[in-house]
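Can you keep this structure in mind? I'll have questions shortly.
Per-chain residue numbering starts at 1, and chain names A, B, C and D are given in the order in which the chains are listed.
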Amino acid sequence: MDAGAIRDALALKFGERITSADLEAGSPFAVVRTDAIAEVAAFCKAEPALCFDNLMCLSGVDYPKQTPPRMEVVYHLFSYRHRHSFALKVQLPRENPAVPTVESVWGVANWHEREAWDLFGIVFTGHSDMRRILLPDDWEGHPLRKDWQDPEYYNGLHVKPTPQMVDRVLQGETIGVGPFDFTPENRHVEEP
Amino acid sequence: MKQWLEDIWEGFFTVLVGMRITWRHLFTRSVTLQYPSVKWPLPPKSRMRLFMKYEDCIGCGQCVRACPVACISMKTEKRPADAPPIWASTGQPIKLDVTAFDIDMSLCCYCNLCVYPCPTFCIYMTPEYEFATKDLTEHLYRFAKKDAQFLTEDPKSKAAPDTPTAPGGSPPPAAPAPSNPPAGPAGA
Amino acid sequence: MSAATPGTWTSDWESGSLDTDEMVLNMGPQHPATHGVLRLELRTDGEIVRAARPHIGYLHRCFEKHAENVDYPGVMPYADRMDYVAAMGNTLGFALTVEKLMGIELSPYVQTIRVLMAELQRIASHAVAVGTYTMDIGAFTPFLHLLRDREKVLDLFEWTCGARLLYNYNWVGGVSHDLPDGFVRAARDLLREFDSVTHPELLDLIIHNRIFVKRIANVGVCPPELAISHDLTGPNLRGSGLARDLRKDFPYSGYERYEFEVPVGKGQYGPVGSCFDRNWVRVAEMRESSKIVHQALDRLERMEKTDVHEKVPKRVKPPKGEIYFRSEAPRGQLGFYVVSDGGINPYRVKVKSPCFTAMSAFHHLAKGLMIADVIALIGSLDIVLGEIDR
Amino acid sequence: MDATYAFLASLVPAIAGWPAWAVVALCAGLPALVLFHFMALAPLVYVYGERKIAAFMQDRLGPMRVGPYGVLQTIADAVKLLFKEAIYPRGVDRKLFVIAPLLVNVGAFLPFVVIPWGARLQPADLNVGVFYVSAISAISTVGLIMAGWASNNKYALFGAMRSAAQIVSYEIPSLLIILVPVMIVGSLSLQDLTLAQAGGLQNWFLFRYFPIMPVAFVCFFVAALAETNRAPFDIPEAESELVAGFHTEYSGFFFSLFFLAEYTEMFVVSAVTTVLFLGGYLAPHPTLQQIGPLPMGWFWLWFKAWSLVFVMMWLRWTLPRVRVDQLMYIAWKVLLPIALVLVVVVGGLVLVPATADGFPWDRYVGWPLTLLVVGFLFMVMIRALQWNRHREQELALPGHGAAAVGQVPR
């Protein structure tokens, strides 16, 4: 089934809960209302005509500058039986975004959602093990948000590497090696 | 019972097959090279340490913008109008004085992205890889020279027209034909 | 083994309900057999593992944050460093994604070079995967034989683009260096030796060795539904009996011109989907890759040379939009979701790493195994922590 | 003792005049000194040998840096280990931690007392020789467990428990198989066992009772491998799982003690196997037994034992590691039944008295059994050919099979 047929099947089943869709984008997608995503996901997997049994990728994207400023969770689905793929999007407010989890539909969502929570701060309600996955457990803030500022210290460690060399230069020490008088021949230049 | 016998026989048989192979490898010539005494012949294009010919640099900063890890830092000043005109070896006039040009090889990721945009081919990677040092700061290489001898007359007008004029955009570093393929890859 | 039933995991992990005789063994981030910096918290009862909880993130280098602050060609060196064992696969994936976004069509010559390099990298990457796997199980010799042959492949790469591990070879719109002449002959010598000596020897020495088979034949069996639900891809999925290969289903970069089979786990020594099948699929894939390289070399000899920088745009600025593209990396389907806002820096790059999803199924497969089998399971999933942590 | 006296007397006739205690001290002390130096220094040669053999099997060069062709490498290692600081991690039971390696070495060195290097070149010809050897080598198990328990480390404890289970369960098949040659000879003393195999190669126990003795030899060798934690059974110090098993926490001198014990035990076990099956210090042909005045018995024992040690090393660099439960399966379900069958069959054969004119029953009664075994081998050979054909289809290249494997790179 091509993207249009999939979008129509979803619209037929869920009506206005599928708010909009864009079929000409690189990977065609449909925007789903936040509270309906679990239902839509279960339907996508159960429906024999769609049979999206594989969640290819679940990614969070932060759009602070777009109107209205929002954060999106993009589900890329694929069906091994029909070999067609489709994407679902959920749009969330930027302050404490929350989405119902789809972990019960696809097992891999468990880790993808933990990563989205870890790097974006998107809470997945009903998730069995909502912990940080990549960053240390006591890290504050979510780095992949566009308005992220590197903290100065983390448990007493410099987060931004302090330019030690600059301190040594300020104390008058000349650091570095060179200049060089020999010139190795350049083997990359095209011989005329 | 049959499965028990087959297990034993198959275990015994495959062990012997494996031992036959290792026995043959006892007499195969070993491939290791004794590093300090015998060195591997490096192919001409190997990307090891960055080098920059100060005399040719026109201070355009393309390499600074291209570097993904920002390990090149450059400071330039406008050449005073009355200063004697100088050219790079590939024919571009040099209008900026490069007062400082440092490449921090400890940050460099050896991706060669700075070599392509250089209009005068003055920054390139040399196949010299033995530059380990005790102090990390010795990996900061300074290429700005006070007593550099620049070309004082336009090489284009003097030399024969076949000098490689600077092609527009990223100069294609098409591979120079290596004289002989090094022993390594031929597996000989 | 149904999909993860929510709510059961955290409850039995509370210290209150732990019965006394179980021991928490910490297979720490620094361990010879975890293929990188992975920490496994195993709740063991004697030798039997009751529950396993992997901890990742020790090698997190913020690839996705870097990708937003560097221009498109600058992302390539970072993409190389994700799966550092198969760097060609990553850069090929990212390059294809951006080219599809910009609508660039490549000449057959450059496409053939890319296929040639990707398949040589697959042989080298599988050599490491199978080699370290046999070393985890205890046989040290096959590991060194395979590394000797991987070095020959790396010599070809070094001769072409100057680097041995992280090449920055695939660019958006082309490749960085053309093939040196004499490359085709050297590649043929390498492959003839690989097909006639290394591959059969590997099969005899270790793959069909009774002890090796007994160690991994019915360990960590992963049924197809669990594999699909946990998005196991590549050799891990084909080991469970599903012949799904992107090079066949959705051919890219000219793969439809080469004929090769997709090896599938046959369950010769035990249930389909065991560690043996995943490992055997990798060994069989090395043969298929050498077949593809042979065909690619034949095409290169007949084809006229075009300039490899012909389609490389001076300033890579894809139009506004987003795209998700998957390519078949040695470890599975490597997906790139690139959102561009029309600027020279990508707006958002999300990487779906095959090892990350393979590791998400780990705690299902590890229940009830012995400690030695946990090592066998990690080895068979062939994970590289650089790609998991990105 | 008296052999050295006769030898020294022929060299220095004045020795007869010495007081009794001086003569005894000299004649007993000198061979003991030589033997001790051989025991202590031999492992250095074995470590070098193992590293070189492993290297050549893996197409690399092995140690080449220290001394010509790396000959002094092991000495350099030994000195390094001596000067390395022996770290005692916190929470370690200090006394047990120190005693454990010593106990392991005791278990490894004591069997040298009964190994016969020549007709009279034997420190002590105990009449319970073979029984003494297996009893003493059980002490090193106690040492391993102490090491595992004392180092207060989960991995070490795992390693210790595994090695205890492994050595105990392989002790039983090896003891049963020791019974086979002992029944034939009727005495436990190693000297009698060797002399019973006198008279050239065809008299060695390995080649008598044709189908039974080779099977006994292979089973005993496998059990010996397991007892010294070597080759496919090196689970106690499995690098990939248990980091380093029971000697994880050891460093410096104690670590080298464990190494010393492992290689000495390897030699001891192969020496005992040689005495039991390959005719101890007997030369393959009687004329080679003596070159001029010098008895060559010690050379033959050393040569056969070393070739068995070579096979152990050869196995180590070919085979993967066996899992713990498979190890137990092999010990109880495979070696034990075979050992019991062997004891019963040989027991029966030994009861059949050689007829008056000395018709060598034991040499020929084996043949009907051979037909049975050859039939079984033939049936299983078909299975092997089938296995080869199935591997061919897998390689999907007609006629690819073993023929092409013959070529070797370069």
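Please note the rule applied: contacts are C-beta pairs under 8 Å (C-beta built on N, C-alpha and C of every residue); 3 or more make two chains touch, one makes a residue touch a chain.
Because the structure is a prediction, the values reported are computed rather than measured.
A.B. asks: State which chain is most central when centres are taken as means of Cα atoms.
C.D. replies: Located nearest the centre of all protein C-alpha atoms is chain C.
A.B. asks: Centroid from C-alpha atoms only, then distance chain A to chain B, rounded to Å. What do you get?
C.D. replies: Whole-Å distance between the two chain centres: 35.
A.B. asks: Could you work out how far the Cα centre of chain B sits from that of chain D, in whole Å?
C.D. replies: One centre to the other, that is 54 Å.
A.B. asks: If you average the CA atoms of chain A and of chain C, how many Å lie between those two points?
C.D. replies: Roughly 21 Å, centre to centre.
A.B. asks: Could you state the distance in Å from the CA-based centre of chain C to that of chain D?
C.D. replies: 44
A.B. asks: Among the residues of chain C, pick out those that touch two or more other chains and give their numbers.
C.D. replies: Correct list: 141, 145, 148, 193, 201, 204-206, 208-209, 211, 214.
A.B. asks: In chain B, which residues are in touch with two or more of the other chains?
C.D. replies: 7, 10, 13, 15, 18, 21-22, 25, 31, 45, 125, 172-174, 177, 187-188
A.B. asks: For chain D, what residues touch not just one other chain but two or more?
C.D. replies: Within chain D, the residues that touch at least two other chains are 57-60, 317-319, 387, 405, 408-409.
A.B. asks: Edges wherever two chains touch, nodes for the chains themselves; is that graph a line, a ring, a star, complete, or other here?
C.D. replies: Basically it's none of the tidy shapes, so other.
A.B. asks: Report the residues of chain C in contact with chain B in the complex, numbered from low to high.
C.D. replies: Residues of chain C touching chain B: 66, 70, 73-78, 80-81, 141, 145, 148, 151-152, 155-156, 158-163, 166, 168, 176-183, 185-186, 189-190, 193, 201, 204-206, 208-211, 214, 307, 309, 312, 314.
A.B. asks: Using the touch rule from the top, collect the residues of chain C that touch chain A in their complex.
C.D. replies: 3-10, 56-57, 60, 62, 64-65, 100-101, 225-226, 228-231, 242, 244, 249, 321-324, 326, 333, 335, 337, 339, 348, 350, 352, 356-357, 359-361, 364, 389-390
A.B. asks: Could you pull out which chain B residues touch chain C in their complex?
C.D. replies: 7, 10-11, 13-15, 17-18, 21-22, 25, 31, 42-43, 45-47, 66-69, 109-113, 125, 169-170, 172-175, 177-178, 181-182, 184-188
A.B. asks: Using the touch definition from the top, list the residues of chain A that touch chain C in their complex.
C.D. replies: 25-27, 53-57, 59-62, 74, 76, 80, 83, 87, 101, 103-108, 110-111, 119, 126-129, 132-136, 143-144
A.B. asks: Provide the residue numbers of chain B that touch chain D in the complex, in ascending order.
C.D. replies: 4-10, 13, 15, 18-19, 21-32, 34, 187-188
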